[in-house]
Amino acid sequence: MIDVLYFAWVRERIGLPRERLDTAAETVADLVAELVAREERYAAAFADTSALRVALDQELADFSAPLAGVREVAFFPPMTGG
Amino acid sequence: MRVAVQAEAFDPGHEATGFGQGMPGVGAVVTFAGVVRDTTGTLAAMEIEHYPGMTERAIAGILAEAVARWHLLDALVIHRHGRLGPGEPIMMVATAAAHRAEAFAAAEFLMDYLKSRAPFWKKEITATGAEWVAAKDADEDALDRW
Amino acid sequence: MRVAVQAEAFDPGHEATGFGQGMPGVGAVVTFAGVVRDTTGTLAAMEIEHYPGMTERAIAGILAEAVARWHLLDALVIHRHGRLGPGEPIMMVATAAAHRAEAFAAAEFLMDYLKSRAPFWKKEITATGAEWVAAKDADEDALDRW
Amino acid sequence: MIDVLYFAWVRERIGLPRERLDTAAETVADLVAELVAREERYAAAFADTSALRVALDQELADFSAPLAGVREVAFFPPMTGG
């Protein structure tokens, strides 16, 4: 089981801030493919992953990163703090 | 060193009062404050979303790098989340170092990194709707100088 | 805009409280404070001499250039003279602009110019004597970047 | 008549902060030569004018600058404010 979190417009498009998933995905990209196949709102949110960032256990990561041992995945647009 | 991620309003000058003082070796103190700017004259509010947990980790990591690289004797980061009105301070950084070049460089580094590497997202609320602020290429490019 | 050349002690944070706030268009506020640094552990006091009249003129001229060049919406310069103890703030600048690059550049410009073009002279007083602080080539060179 | 001001170690070497002079010097350099010829303490203060700055009526100037119309001349070492 893995916690998946969504922020900003990713959260708005998917319609929820977080969910708990049972997945066999080996990488972030695999997980994204799984989500996209699920429902249109996920497909809309992940239409262009180059416009997205991902964090694994609260550290920025690449979409090619493995999910082994990861408890929390977060998807969000580029940050706009400061 | 102090990091605060908070919903409460703050005054940068008030927070900087006494900062870096009474610490041997401090010769220069720099502060930066970012303020909600109403560029179009129609802004009702700015909503700042963040990622509790990761926000604190990311800021602590950026701060540790700045402290080590510019030998900071003290440093401070405050960043708000939630709903802010035009003219309200969004965030601030403060740096205390031996010399002015170090204090300035560290403050600019902190700003550049907090802007693009700390998990905050801004949404502008106007009378006619709401829109997420897009990240600027210039902000990402600003990281290259460090 | 405010310029103060004064013998009285001040707290930079206190002086910056409210600075640049409530002014439409302000998105970034930078402050710099210089502090008497005891590099040798033997400093009893720092005495700052100045040239009354020319000091105010020189600061006003430098400030006007910074305001015009970086479109500052507000600016502040405070510089002390007389006898200061270790750890006491010597001077500060504050700049308010639309964007952070402008506010930072203007504050650094003000510092570089005040250091080498405003008529102040520092003398370090220790238990064993007193010595005028020599101007550094690096401070003069710093002007070349503007 | 012209007011001549001295600051920092120039003031200390000459032993006074200001004086009022009657001079026919046409330039700053002429005035310096006049002062140096007067007394040893002036010669000591002006031994190396490359280490000095001059202001005419409170504006920085060169040692070659003319004194016509100038009311206040100030000599001092390079500034060390900030």
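For reference, chains read A, B, C and D in written order, and residue numbers begin at 1 within each chain.
In the analysis below, a contact is a pair of C-beta atoms (placed from the backbone, for glycine too) under 8 Å apart; a residue touches a chain by one contact, two chains touch by 3 or more.
The structure presented is a predicted model; accordingly, all values stated were derived computationally and were not measured.
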item	value
For chain A paired with chain D, centre-to-centre distance based on mean C-alpha positions, whole Å	72
Rounded Å distance between chain B and chain C, as computed from the means of their C-alpha atoms	23
Inter-centroid spacing, chain C versus chain A (mean Cα positions, whole Å)	48
Where chain A and chain B are represented by their mean Cα positions, the distance between them in whole Å	26
For chain B, residues that touch 2 or more chains besides their own	34, 100, 111
Contacts with two or more other chains, residues of chain D listed in rising order	82
Touch-based graph of the chains, sorted into line, ring, star, complete or other	line
In contact (per the touch rule at the top): chain pairs	A-B, B-C, C-D
Interface residues, chain D side, partner chain C - complex	5, 7-9, 11, 55, 58-60, 74, 76-82
Contact set on chain C toward chain D in their complex	34, 48-51, 53-54, 57-58, 79, 90-91, 111, 114-123, 132-135, 139-140
Interfacial residue positions of chain B with respect to chain C in the complex	11-38, 87, 89, 98, 100, 103-104, 107-108, 111
